[in-house]
Every structure is written in C-alpha cells, then in structure tokens.
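Below are two complexes that have chain A in common, paired first with chain B and then with chain C.
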Partner chain A sequence: MQSRKLGWLLLAPTLAVLFLFGVVPFFYVIYVAFHQWNPFAANPEMIFNGADNFRQVVFDAGFLASLGVTMAFVFFAVLTELIIGYLLAQAFMKDFPGKAIFRTIHTLPLIMAPIIVGSIWKLMTTPSIGIIPHLLDSWFGYDLNIGQSAGAAFAITVIMDVWHWTPLVTLTLIAALVSLPPDPFEQAQIDGANKRQIFWHITLPMIAPAVVATVFIRLMDALRTVDEVLMLTGGGPGSATRYVGVHIFKEVFPRTNYGYGSAVSVIVLYLTIVVCWLLYVGMLAPRNTKKG
Partner chain B sequence: MRRKNPWLSILFWIFISFLTLFPIYWLFVVSVKPAVELFSTPDVILRSVYWQNYIDVLNDRTLREYMLNSLIISTGNALLCTTLGFFACYALSRFDLSGKESIFFWTITNRMAPPAVFLLPLFLLMTQVYRIGDFSLLDTRIGMILVYCTFNLPFAIWTLRPTVDGIPKELDEAAFVDGASPWKVITEVVFPLCRPGLAVTLILTWVFAWNEYLLAATLTNFNARTLTTGLSEYVTTTGTEWGIMAAISVFTLIPALIVFGMVQRHIVTGLTFGAVKG
Partner chain C sequence: MTDPLDRPAPGTRPDDDTPEAAKPGFLPIETNWFDRLFISVVVWVALSLFWFRFIEPMGPSIWISNAIALALAALIITKG
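Let's turn to the complex of A and B:
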C-alpha cells in the first residue's frame, strides 16, 4: 500500500478548486443574503438586516410571476418530452434498416450549445424572416408573433426545449427498454392482455426507475434553462417567458442590490432542492415501501 | 414478436430526422443569404450561396478575439479538468483514504447546482475576495478556466473513475517492485492505458466549456469574452443583421459537430451523469 499522503496530495488540487468555486460561493451567497448591500446606494456598506431581503423577495410580484411561468414551462416541457420520448423509444425497439443512422441524427441536438439552439429557433420563428410564421400564415392564416403574443412565446420556448432535449429522454428510455426481460410480456400476451394493460401493468412498473431518473435529470435541467430563452425571447413579451434563471440574469443581477439578489438566489436554490426532494419522495418512496 | 413492414418505420424516422435537421439547415440557409433576400418570402431551397456573412465575421477583430478566447478557455479548462480529474481518480482508486466515497459523491454534487444561482456569489467573490493586489480573476481567461471547473471537473472525475478503476492494480505494484517512482507509475504505466477514456473526457469537457454562455456573460466584460457572448451581443446591439448572427452561430456550432461523430456514444452518459446507463 502506498503512502496516504501521496493520495491526498493527488486529490488536493481538485478539492481546492471545487472548494473555492463550489463550496465558498454556496455559503457566501447565504451570508450576503442576510445583509443589506448595494455598493451604488447611499450607504454602500454591508449591513446585517436579518431576513429583510427574504421578506422583500417573497412579496416581489416580478419574482413570483417568474416562478409561476417557470413551473408551467417545466411541467409542459418535461411532460411532452416524456411522452414523445417514450413513443420514439418504443419505435426504436423494432428492427429496420438504417436504425443506427437515425439514432445518430436523433442525438445531434444534445451536443449543441443552448445558446445556439436559442439562436436557431429565433431564426425559425421571428416574424418576416422565420419559416414557421410564414408557413402558419400561408396555410392557416395564423399570425405567429413571439414578440407580442405571450402564449405564442411560451409555446415556442416549450417546443424549443422539446426539440433540444427529447433525444435524451428517448435514449435513456431505449436503454431501459432494451434491458427488459421478454418473459413477462410473452406471458401477458398469452394471457390475453391488451396493449394498454401491458403498458400500465408491466412496462411502466418495470421501467419506472429509469423514468424517474430521466424526469429527475430533465427537471433539474429545465429549471435552470436560461441561455436559449434569453436568446429566443429575452424573457418577453412582458414576463411571459422570464423563467427564474432569466429573471436572475436580466432583473436581479444588473440591479447591484447584492443582498436582495443573494436572497433570490438562495430561494431558487432552496426551491430546486425541494422540488427534487418532493419528486424523489413522491416517486421512489412509495415503491420502496411496497417492496417492504 | 411483431413483424411489420420496415418501410413504415423508415418513413417515420425520416420524418423525425427531418424535424431534427431542418432547424439546423435553416440556420445554414440564413447564414448564406444576403440581408435583402431574407425579408422576401422565406425560401427553403438554396438558390445561390453568399459567403459574405462568414467573411464579415472573420474580418471582425472583436469576434476573432472572442473566438481566440473561447479556444484558449475551453482548451485550458479541458486540459485542467482532465488532468486534475485523472489525478483525483487515481487517488480515489489506489489509496485507502478515509471517507473517499463521500468525497467522490460530494465532487459530483457540485455539478448539480443551477448556474444562475451562482452568478452573483461568483461575481462578488471574484471582484471582492479572490484577488491579489490589483489582480482580480474577473474578466480573465484564467478566471473562466477555473470557474468552468465547477461543472467540468465533477464530470471528468465521474467519467474517468471507471477507466482508472479498470486498470489492474497489479500493474502498478509490479512497477513499484521494479523500483519506479509513483510519478513514473502514473505517467508511464497508468496514463497510457487510460488514453481512450481520457480522450473522451477531454473532448466532452472541451465542448461543455465551449458551449457555456451564462457564466461567461456575467463574469467577463471585455478581455475574456467568448464566442457565445459575442453571439448574444450581436443580437442585442444590432438585432437586425440576421445573416451575421447565423454565421456566428455556425462558427460556434462547428466544433460540436466535428466531435459529435467521435463521442456520440458517450454524450448521453455524459449528460445524464450516469443516472441511467446509456
């Protein structure tokens, strides 16, 4: 056995970097959140002000609105991705020529920078240069204007997220479906179960762990969506697509009210953890207790 | 088992692939059109190719600097993360360190934090705390290289761990018996065997750093701006030069497309962080 000192020495740079840029910011933001601090205000000093910042955040209509649209965005985006992703994963279970190529093409959006995805969808949907408003207008006479219609802007951000991230869901669910044993399905078919029964009673329970893990990952990522929305709509029109990350970037960060900004950050971090915890408890715990 | 006509599947997947590829194709179409043509009826078919947008981008000094910054930051960050990750994995794999599994798990959790939450503390720390005399990390390439470690280093550790664990310990021990120094064992015995894993890690961390926007936008002002921030600047300041914007996007997209073929299989594992075997 080699000396432990060498082991710690090899680990030290990693721990140092992650400590300075991961742990310190985490505690620092909590510390600042309890202070009044605005370097450009009449009093630029840092003053402890208890939970004042948090009280301000909780009654901030802009922040609450942004939380609301974030929840709606995450719900619609992740749900759509799950449904489409599952259907595509099932479609991949058959054998057909060119499967590998189609799978590769399907993976392509995953490696693209979110900001490029935003840029692409901006070029697709901006009135007068985008192809989508043009086609909608000439086919259905529908005037799509993401700069004016809140609903349209929201829908396009969801569609963009679905385009970008459904492949991840598809590929993780393929991995889950491939690993399923064939016996229960053959048995169920012999017993005369229909497709829907097989899905609800056999497939779903068996791939549930993979589904939970996928939802978990997508939820965490959707909650922190910033770049692409910033690029596509800039959070507008109004606050229709100002999701929390966008809100922090556009409204909180430039205000130089550091105490308040930190309180917003702490609350968002807290809510992210709570959402994940609820999901974990809600989806994993019941199954664990059933198993005994 | 069902046996249906494969043509139905193929047609279906051609349609899905079309939905995937069309937006990317559209980006290219806009990038090779002069501004005048863009505002006439949107045309799906390319009738002529107009390279001026690309030439304009390459002739723009600011954008060239941004490109260079992006290259330096992503390369520096990828090399740093892969090296540190490799050392860390070697330590975790070969030494009997107390609480090493907790340390491993803790490094991973660093990646899960939403970056928007860390904008403000990182900005404040870099301007107020992490400074030596007049030198602060804000708006420096080295600062960005270090900041990107928060998400890339955990990733490197996570992907390299199985690779390093997979190298038999007997090889190290044999080398030690022959009188090799620990440094020699790491660099001449373990490192060559880990090369494939290291290459994948290097490529993926490079792409993640290259693609990053949010932190670059808030933690740089002028000196260390990256190509992604250049893209967003272009949109907000001029707003109308769609061709140029598309050309910058294509430039930003190219490296990802190049490495896509090489690491395609590892992308899902990378993005899901191994929560699901991809």
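Let's turn to the complex of A and C:
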C-alpha cells in the first residue's frame, strides 16, 4: 500500500503537467468549438452556437480542398520517409568508412526548427537566387518556380518534409533492427530463403510494431504541418499547399475566428486519431478468432 | 475502476480474469470495454458529420442521428 502511494506521489508532477498542458487545452478547444468567438469583433463575447461551427466545416470548400491536399502530402511524405529511412537504417547496420560522420550529418536536420527549415528551402528554391532552380535549369532546362507551379510547390513541400524527418525514421528503425535476434535470420539462410523472402517474412513482421509507431509519429506530425509550409509557400500558389494546419492558422490568426478554427482543429484531431487507429487495427490489433 | 498502477506493462496482454480482458464479439478485432467505447465515439462523430453534410439539408434533425449513434453505441459496447 505504501509503495502504491509512493508511486502516485512520484507520478503526480507528470500527471499535473499533463493535465494542465494536455487535458485542459483539449477540453477547452472542444468547448470553444461550440461557440462563436471573435475577440476582436464588435461583440467579443463567446456565444454558444451548438454544432453550427461543425455544420459550417462540412460545407467549407476551402477546408475540404485542404484536407485532400493534406492527405496526398501525408501519403507521399510518410511513405517516402519510411522507404528511405529503412534503406538508410539497413545501410547503417553495416560498417563502412566514414559511417559515424555520415550518420551525424544525416541526423542534423532533426535538430533544426521547422521555421528554419522553411527559410532554408525558401532560399534554395527562390528563382534567380536559389541553388535548386539554378541546377535544374542548367542540367535539365527545367524552370522551377514554386510561386507559379502548383505541382512543383507541392513536390517541394514533400521533399522538404522528407529531408527534415527521414532521420527520425532511420533512427527508430535502426533501434528496431539492432534489437532483432540473429537466430531466425540464420535459420532462414540455412533453409535457403532469399533476401526478399527474409525481408517480407522475418524482418518486416518483427519490426512491424516499430514501423507502426514511427508511422504514427510521422502521420500525426505531417497532418499538423504548419510552419515549414507557411514559411516556404504560404499555402500557395492558390491553395496548392494550403494544408489543414495552414488552413487553421489562416482561419484563426488573421481572421481571429477562434470558434470555427477550434471546430476545424477538433475535426483534424478526430481524423488523425481515426487514421492512426485504422492503421493499428490493420497492422497490429489481435484478431477475433472466436465468434460471439 | 482498475488502478493504473496495477495495469500490465506495455506490450504484455492482461490476464483473462482481469476486468479489462478482451472478449470476443461481432467486431473483427479483440476489444475491451474502452476500445468499444472509443469505437462508439468514432462512429458517433462520423455519423454526425455525415448527417450534417448530406441528411440534415433535406430536413431530418441531428437528434435522429444522435439516437441512431446511441443505439449503435449500446450494441457495440454490449455485443462488440
């Protein structure tokens, strides 16, 4: 009994911080989502308006379009990060000259603030001064202008995200690969399994929990991308890179429409939870074997 | 209410005799009561949004959707 009290006592500071900075804001956003609230309007009071904000969300063409491009962004970014991250993790499992230096350099993007990443990529992609348009023009005769081409702007935001976050995927997958026991691999090699069979039937099932956890983290991050994209493209051209995070930012801050912004945030949180849960059900959840 | 400190370590399955033990139902995955409550909330929100977008403009009130969601929740929690 004494140890249980001590356990709660030791947990108390963490629980208090979680409650203050996690639970309270979460319920406050839900509360605000059911109100019309513009603190800079003629009437700055919160006015309860039921589910009107949610009614507005499902008919908001701007939001629905931003949801579409966000899903495309998340799909391409997370899938690419997973593939490149896995290949790099496999590469780092082997010894080669300069491995330590390469691994350090490869991890550097992780320590950079997203707004800095956005600034760097903006400088690199600005026509006439950026290195990327210069090289693409001199090598392939391609005129990259992310201020005019929607496809190019979308692709550059995906590449920027991949550049920034692939090291995280690599590190988590290295940790997963290092922890694998050697016996199943040796046994498979003795049985004559080729590399592809070993990957699909041994490596992938054994690192699946780590892969799913990594995808969860990246999925949640990618769905709420704001600062990098806002810095790089400002959501444009048009609404080509107006991802939901950018949409919420533009709704909440310049227009100070807090009630509606909160409703959109709640919907995005809901979608994030549902997508992660479906992924968990698809890949890890124990199947129901008995019929009730 | 189970004391969180008594819960099994992450990655381990609870014993069959604990209150949180998974039970078989019509859902394709093993679930405990909290999973079924979570699924009910997910279904409720999805149904409400669908109702707002496609059904409510034709007239039926959102309360019908809430009643359907409540019935579904009762079904999922008891039989899921």
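In this text, the second predicted complex is superposed on the first by the 250 of 292 C-alpha atoms of A that agree within 3 Å, B and C clash if a C-alpha of one lies under 4 Å from a C-alpha of the other, contacts with A are read in each partner's own complex, and residues count from 1 in each chain.
The rule is simple: a residue touches a chain if its C-beta (ideal position, glycine included) is under 8 Å from a C-beta of that chain, and two chains touch if they have at least 3 such contacts.
Just so it is clear, the structure is predicted and the values come from calculations on it, not from any experiment.
Should A:W277 be classified as contacting the first partner (chain B), the second (chain C), both, or neither?
second
Which partner, chain B or chain C, is in contact with more residues of chain A?
For chain A, the partner with the higher number of touched residues is B.
For A:I105, using the defined touch cut-off, is the partner it touches chain B, chain C, both, or neither? Pick first, second, both or neither.
first
Pick one for A:W8: touches chain B only (first), chain C only (second), both, or neither.
Both partners, chain B and chain C.
Regarding the shared-chain residue A:F54, is it in contact with chain B (first), chain C (second), both, or neither?
Touch status of A:F54: second partner only.
On chain A, which stretch or stretches are contacted by chain B in one complex as well as by chain C in the other?
4, 7-8
Please name which positions on chain C make contact with chain A in the complex.
3, 5, 22-30, 38, 42, 45-46, 48-49, 52-53, 56, 62, 79
Considering the complex alone, what residue numbers of chain A touch chain B?
For chain A paired with chain B, touching residues are 1-2, 4, 6-11, 13-15, 17-18, 20-22, 24-26, 28-29, 32, 88, 91, 94-99, 102, 104-116, 119-124, 126, 128-131, 134, 163, 167-168, 171-172, 175-176, 179, 210, 213-214, 216-217, 220, 223-224, 226-227, 230-231, 234, 244-245, 248-249, 252-253, 258, 261-262, 265-266, 268-269, 272.
Which chain A residues qualify as touching chain C in the complex?
Of all residues in chain A, those touching chain C are 4, 7-8, 51, 54-55, 58-59, 267, 270, 273-274, 277, 281, 285-292.
Any idea which chain B residues touch chain A in the complex?
2, 4, 6, 9-10, 12-14, 16-17, 19-21, 23-24, 26-27, 30, 38-39, 41-42, 44, 84-85, 87-88, 90-92, 94-97, 103, 107, 110, 112-125, 129-130, 146-147, 149-150, 153-154, 157, 176, 182, 207, 210-214, 217-218, 228, 231-232, 235-236, 242, 245-246, 249, 252-253, 256-257, 259-260, 263-264, 267-268, 271-273, 275-278
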